[in-house]
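Across the two complexes that follow, chain A remains constant while its partner is chain B and subsequently chain C.
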Partner chain A sequence: MDKVMSNKLMIALYVLPALIMVSIFVFVPLVLTGYYGLMDWNGIGAMNFIGLENYKELLFDLKFWDSVYHSILLAIFSTLSLGIYLLISIVLDSKIKGSDLLRKIYLIPMLLSSVAIAQLWLKIYHPTNGMLNSLLAFFGVDHTPDWLAEPQIVLYAIFVPILWQYAGFYILIYYAALKNIPNELIEAARIDGASPLQIALKVKLPLISGIIKVTIVLAIVGSLKYFDLIYVMTGGGPNGHSEVMASYMYKEAFSSHNFGYGSAVAFFLLIITLITTYIIRKLTASKEDEVQY
Partner chain B sequence: MKRKAVSLMFLVLSSFLVLTACSSDEEGSGDDEKVVEFMHLWPEGNSTAHYNIVNDIVEEFESENPGVKVELEVLSNEQYKDKIKVLSSSNELPDVGMTWAAGYMEPFIEGDQFASLNDILDGEFGDLFVPGTVDAYSFDEEAYGLPLELNIAPVFYNQAIFEEHGLEAPETYDDFLNIVDVLTENDVAPIALGNKDAWTGSLWYMYLADRIGGPTLLTDAINGDANFTDDAFVNAANEIQSLVDKGAFVKGFNGLGDQEAKSMFMNEQAAMYLIGSWDLPNYTTSEDVPQEFRDSIDYFKFPTVDGNGDVDSFVGGPGVGLFVSENSEVKDEAKAFVQFFVEQWGEEAVQEAGVIPATKVDTDEVDLHQMYIDVLDDLSNASNITLFADVQMSPDAAQKHLDLIQGLFGAEVTPEEFAEEHEKAME
Partner chain C sequence: MRKLYYFLLYLFLALVAIFQIYPLVWLLKFSLKDNTEIFGKSPFALPESPKWENYLKVWTDGNIGVYFFNSVWITVASIALTILLASMATFAITRMKWRLNKFVLGLIMVGLMIPVHSALIPLFKMFLEVSLVDNPISIVLTYTAYNLPITVMILLGFYYTLPREIEEAAIMDGCSINRMFFTVILPLTTPVISTTVIINMIFNWNEFVFVNTFISSDKYKTLTVGINNFVGQYMTDWGAIGATLMISVIPILVAFIFFSNKIIDGISAGALKG
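After this line comes the complex of A and B, so read on.
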């Protein structure tokens, strides 16, 4: 087998099928998207080459920049929420009673499909019959908010289920990472007289820093291209106040039939995501960085 | 060892070939048999009656036309819209399929995807349609689609709630405002509106513009013959905002979908609901809805505003229609099928599925619920039917219109800004 693996041609042959797959389904569409972005095209008729017009228009499209702002807000919130998840997993890891059950409960939202979650939260947020407003009314609030209709609230109202949806995922990752820390290290720290807080901050956290970096990248990139719940729950409305980049792209390409412009938005989204990933990697890079992503 | 590796490689590669071969064409039926592909959007699950009628018609067509076979592909609404776009971009539309009117069709017509149907419309067949309905599918005097449905949008209201508060169906807009006032004073939500979808709010705006500015104003403005900054439009927008201020619409309407609004109306949480007559089965024949509720529902025509306007002018229009693909290899058979389908559909649709067809219905011949007969009468007495604004406009303008409607209802734009933005969107 070593002989086979040292044969460059063999390696190439083995890698080929996967490479073809990835090219056809990822790289070719990427290039095509960039290409369509140069076109004035409604998705059906003839394409007109218009150079960088779509991208120029994009620079001055206030609705688009609103959606960028919303996406970045989401990225910030999901990154901040990672701290809470980390805290929860450290608590779960500390052999409290029922941690197994709790871990499973936290994971449940991840098992539901986005559409089911959206339906669930639509019911919770319903302005008159919803659980949340009924609760508020019970406590004597006169003017209960219209969660998904008021421009100032809608974005944050929709962030809640998005963060809730992924909580279990990150908690699971952190929990697994914490479990992987060799017990000897913790025992050694304890014998040296470290308090539980010190163990958590000075032993556990540094040991899982690689994982933390990965989750930060996942959270930010995932937020920037986030789509599902927003599309189902508000469709970007009212009047664009919960629009994010991906939902704006969908609207342009498939509702307004501006396929060329939609492609330009998609390509821009890709570039923003790439740049962000690069920056985070630079910022968090350390010498012994072993985790590659 | 090397040989083993090579053979493994071949295995992997050949499995690839098998996989791709699976998806190859299935069109290889017999030489003498012609196949008409028909794609429709009424799946068995949620449109059982429609689905069954289609199957009956196809069966009948096949038995009357030996040698022609109709192959069906059934998708749900949204999937259908996606698939038809993808197919058309690769010139692979089914021989017969479904389309929506006006603005929706435009890209397909520009891309030469639909065949002209003028040749079958000449003569008796063309007279079957309610006058004007085919126009919504016509460009430059050429018809590219034949409508299957025709709807108007009346205001449905709950008689039980009205009686409880001593109210009657309004004759004038002042009556209507009075109803709104009485209901809000008694803590009853007057109007169910799901403005997340925005076309629902657009109906209210369209009616007000129609009554204040005359029945053709909106269509003229969309065609560029009138201006969206016209006083009538500004007044209509003003009126919308004062309705919102009065609390005429259910709480949080801008975040509610039409389905949610409907369920509030059907749970008697709101007294009125403006929607197309496609909803009639819910208020007449549907067994899923309690009899008591169905009996308590009636409808009224949108009232006149300050003595202006004509109550017989409606917002509405044809729904889905049939098209024949320009690239079809069996165009003659496809057209024959479309003609046959429309004729049969006209006879069965109302009775079996509660759909009002775009062909004339003889109300004496069929046994219908009174509300259906009323709507059919209103349709035949209608002085004007203004096609839904978002259908009339090109897709791009329609999207802007819908966003603006949400902004107007949410009081984020003034009526003047609304008018100006609208005019810009039309360019």
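After this line comes the complex of A and C, so read on.
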């Protein structure tokens, strides 16, 4: 038995294909990104080594720091919205008939492609015939804004479809965690005279704190990487007011053909994602939960 | 008092449900209208007589049929390759005896945290050098590589729970590793494989940035990129745009109706994809 199961050749044959795929297409490119960041390169011609020039330029590139700022804002919005999702999940968990069906309905937008969602919301936000402005006009609002063209509003307008897309996902996770709480604990609190609000805040929330931490990481890291929806809805506009890190990288590389500079932005995105993940995990780690994600 | 309390809870949940579902109902409605109706009548009205020809028109004139076919075969090919490689690796990591297995598993799991945009430029250059730019093989390879970590992670738990006796019996009967894996283990893991199929399907079907970057010919584009181009061309024809969007979301919605529990399993596990 052991002899057959520890055959080195067979082990290599079974593990290597997957390992090689991940190495070639995931790990090697990441290292190369940092390296290309040292180059002046238009994507087609030869690469010229220019040392840290791109990274220096990055430090003083206000457009880039605007995109970082927008990414951070999205991360903050996303984290705050977790509170709404948590509230909905707690309500769903309070002896509601049909909670299973509702949970599935909430999940539907999550299954659609970001491109389809972006195109749909472009129509919803359409200044004259869109669903939103028609609704506002129905309620007698005279001056309806062009949501995606106003520098002051655009980022918030973009955040609504993000909220719409991910609501069901977080509700699903929270609801599953709440369902896992042993009934005896809730009953015990009830017998002790705790109100439903007290049970929610003092019994349920602490018991699912591990999951809440995981979702905070997901929301923040997910926001830092956000791309598809913004690329399709505004392309970062108007005038960079909805630009995020990934869309700025894409624009620099694939539209302006500054592949070296784009790589520097991509490398920064990688580093900031890894550091953020590490910091949040450190901050939220406690002894009992060695969460493996 | 108690009744009022529950009434308010249901009202709240129903409003959330309307917010989540009504935009799609609205999409369905305008996909069945023509421009006179869309621009002349209330946007909330039902279509007067459903214009099914919108769907027919975009399917043939708008190239959507080609994009749809590409999405299907690229999704299926990537799923098959991903699940084969992930199952083999998971089998070796969890069932076979060697020292570096935890290390290799950790290495694959690191892939879960990587932002794909950070790898995009080198991937593009790599495919350029081996002439795989504007070739769907580049898409199948990247989809497979980027879905392997999550697939291994979902398979992992199931493989750990398989009893050792199964392998012992197979070896007693003189099975080789290959025969044991393909005829005994793989069939046993069908339930968890179906979960990974669903999750891979959603990721692949909806993926945008790889296709948008690596593919330039219309004949190889998938639906996500195709509809984006299509909308750019038919900017003012809302009915056609609506029909295109509906066509792109229907397969996923149908899968959800039949496999919602599998999808929920997969998404809960995939939560960790981050």
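Basically, the second predicted complex is superposed on the first by the 274 of 293 C-alpha atoms of A that agree within 3 Å, B and C clash if a C-alpha of one lies under 4 Å from a C-alpha of the other, contacts with A are read in each partner's own complex, and residues count from 1 in each chain.
Everything that follows uses one rule, which is that a contact is a pair of C-beta atoms (placed from the backbone, for glycine too) under 8 Å apart; a residue touches a chain by one contact, two chains touch by 3 or more.
Quick caveat: nothing in here was measured; it's all calculated off a predicted structure.
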item	value
Which superposed partner A:251 touches (first chain B, second chain C, both, neither)	first
Chain B versus chain C, judged by how many residues of chain A each one touches	C
First (chain B), second (chain C), both or neither touched by A:240	first
Touched partner set for A:45, first chain B, second chain C, both or neither	first
Partner chain in contact with A:201 - chain B first, chain C second, else both or neither	neither
Touching partner for A:148 - first (chain B), second (chain C), both, neither	first
Partner chain(s) touched by A:185 [first = chain B, second = chain C, both, neither]	neither
Contacts of A:275 with chain B and chain C, given as first, second, both or neither	neither
Which of chain B and chain C A:17 touches, first, second, both or neither	both
Chain B and chain C footprints on chain A, overlapping residues	1, 4, 7, 10, 14, 17, 43, 129, 254
In the complex, chain A residues that touch chain C	1-2, 4-8, 10-11, 14-15, 17-19, 21-22, 24-30, 32-33, 36, 43, 88, 91-92, 94, 96, 102, 104-116, 119-121, 123-124, 129-131, 134, 164, 167-169, 172-173, 176, 214-215, 217-218, 221-222, 224-225, 227-228, 231-232, 246, 249-250, 253-254, 259, 262-263, 266-267, 269-270, 273-274, 277, 293
In the complex, chain A residues that touch chain B	1, 3-4, 7, 10, 13-14, 17, 20, 42-46, 122, 125-129, 146-151, 154, 234-235, 237-240, 251, 254-258
Complex interface listing, chain B residues touching chain A	1-2, 5, 9, 12-13, 16, 82, 85, 88-89, 107-108, 110-111, 113, 189, 195-198, 250-257, 260, 264, 269, 394-396, 398-399, 403-404, 406-407, 409-410, 412
Residue ranges of chain C touching chain A (in the complex, touch as defined)	9-10, 12-13, 16-17, 19-21, 23-24, 26-27, 30, 38-39, 42-44, 85-86, 88-89, 91-93, 95-98, 104, 107-108, 110-126, 141-142, 144-146, 148-149, 152, 167-168, 171, 177-178, 181, 202, 205-209, 213, 223-225, 227-228, 231, 238, 241-242, 245, 248-249, 252-253, 256, 260, 263-264, 267-268, 271-272, 274
